[in-house]
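For reference, chains read A, B, C and D in written order, and residue numbers begin at 1 within each chain.
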Amino acid sequence: MTITVKFFASLREQIGQSEIEIDSAETVAQAWAKACNNAPLPSHILMAINQEYVDKNAAVKNGDEIAFFPPVTGG
Amino acid sequence: MTITVKFFASLREQIGQSEIEIDSAETVAQAWAKACNNAPLPSHILMAINQEYVDKNAAVKNGDEIAFFPPVTGG
Amino acid sequence: MSIEITSKEFNPWNSLQAYEKNLVALHGKSGAVATFVGTMRDYNDGDSVQAMFLEHYPGMTEKYLQKISDTALKRWDILDTFIIHRVGEILPGETIVLVAVWAGHRAPAFEACRFLIEELKFQAPFWKRETLSNDNGVRWVEKNTN
Amino acid sequence: MSIEITSKEFNPWNSLQAYEKNLVALHGKSGAVATFVGTMRDYNDGDSVQAMFLEHYPGMTEKYLQKISDTALKRWDILDTFIIHRVGEILPGETIVLVAVWAGHRAPAFEACRFLIEELKFQAPFWKRETLSNDNGVRWVEKNTN
């Protein structure tokens, strides 16, 4: 099993990828660090596990889909 | 010249007429009294002169269109 | 701005579509439309209602709706308003009233739309007479609820 | 209740008309419909905008709109909700979002409609990228205004 890390919008463009697979992580913050070569997590970024909002300390398990994205601007 | 007095909705049905002409009146209350044989003016009734809301002491002049009606219930 | 009093059944979405076709000047300027549609229910105040008659004061009604539309256009940063109100015989499910407000942004659109329907309900000279189901007679609605 | 994400242009009034045709159970029960339509403007933040791209998070978007619709249906005395949101390439004047709420009475219809659009704007995972006019480049909208 692996963990899928997704990026959207301006963050996707900055990272240069829409999806990265990592082999393990204990928290969302750790998943960010693994996927982004230990770059600091930008403060305004939103996070989700399996399409539900979470904070950076939320626990991650194998098979999870994690997403990072900027403030939303729909509607 | 005369003054036209109109009645609407349940008040029209109570009075039994939709329009009465009177020859003169100084105030809206006086126009009511003349048109309705000195019946007391019901307290919840709304009044208009020339299609603008007024109160019962508003001055009336010849040629005016006066209206009396119950609370409105449109929309 | 437009105000219409009609004794014919109308579909509010059709009316909006037709009206917007003429709003060419708002194309690209309007970012928000708030609308309210009031429809006849088949019940009121605990009773089953079969039909309704809507009386109005011709002339004063139009004047009053014009006045509240002018007020809304002055008070809020909005681009246009549109009101249609039905009169005469109405059946359950039919549209009684449509209020629509166009604006650059959503807050004034919502606020002006709510203002217009509240002012209309509590001040515009319309009166509803209900025909109750099961031969329970006819009654004038005495006042509007909040 | 219905939620739709579409990459095709839609006319909100057509969509409402089509949707209401299937709301037969609400006939005579619904007395109020409050709707909000968000449309693309040709300006934003002082700049002229030529086109827009709306990105979303497929799956999470639907889940989130479902969640706020459920919340509205629990929190207010309303009968039904309907949301359509556009994604992909959009031009000025085209509809971005439609929110509609059916209720017995107007207060819950207005309140739930406003709730849905505010929640959608501040929480649903959509992002706007604007293409400015006169070759002034492309930019991501950084945050929604009130």
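By definition in this document, contacts are C-beta pairs under 8 Å (C-beta built on N, C-alpha and C of every residue); 3 or more make two chains touch, one makes a residue touch a chain.
Keep in mind it's a predicted model, so treat the numbers as computed, not measured.
Separating the CA-averaged centres of chain A and chain D is a span of 26 Å. Here the spacing of chain A and chain B, counted between their Cα centres, is 72 Å. If you average the Cα atoms of chain C and of chain D, the two centres end up 23 Å apart.
Taking each chain's centre as the mean of its C-alpha atoms, chain A lies 48 Å from chain C. Multi-chain contact residues, meaning those touching two or more other chains, occur in chain C at positions 38, 117. Listed for chain A are no residues, as none touches two or more other chains. Contact topology of the protein chains: linear, an open path with no closing contact.
Pairwise chain contacts present here: A-D, B-C, C-D [touch as defined].
Those residues of chain B whose C-beta lies close enough to touch chain C in the complex are 6, 8-10, 48, 51-53, 67, 69-75.
Interface residues of chain D facing chain C in the complex, by the touch rule stated above, are 11-14, 16-17, 20, 27-43, 92-93, 104-107, 109-110, 113-114, 117, 145-146. Contact residues on chain D toward chain A in their complex (touch as defined above): 38, 54-57, 59-60, 63-64, 85, 96-97, 117, 120-129, 140-144.
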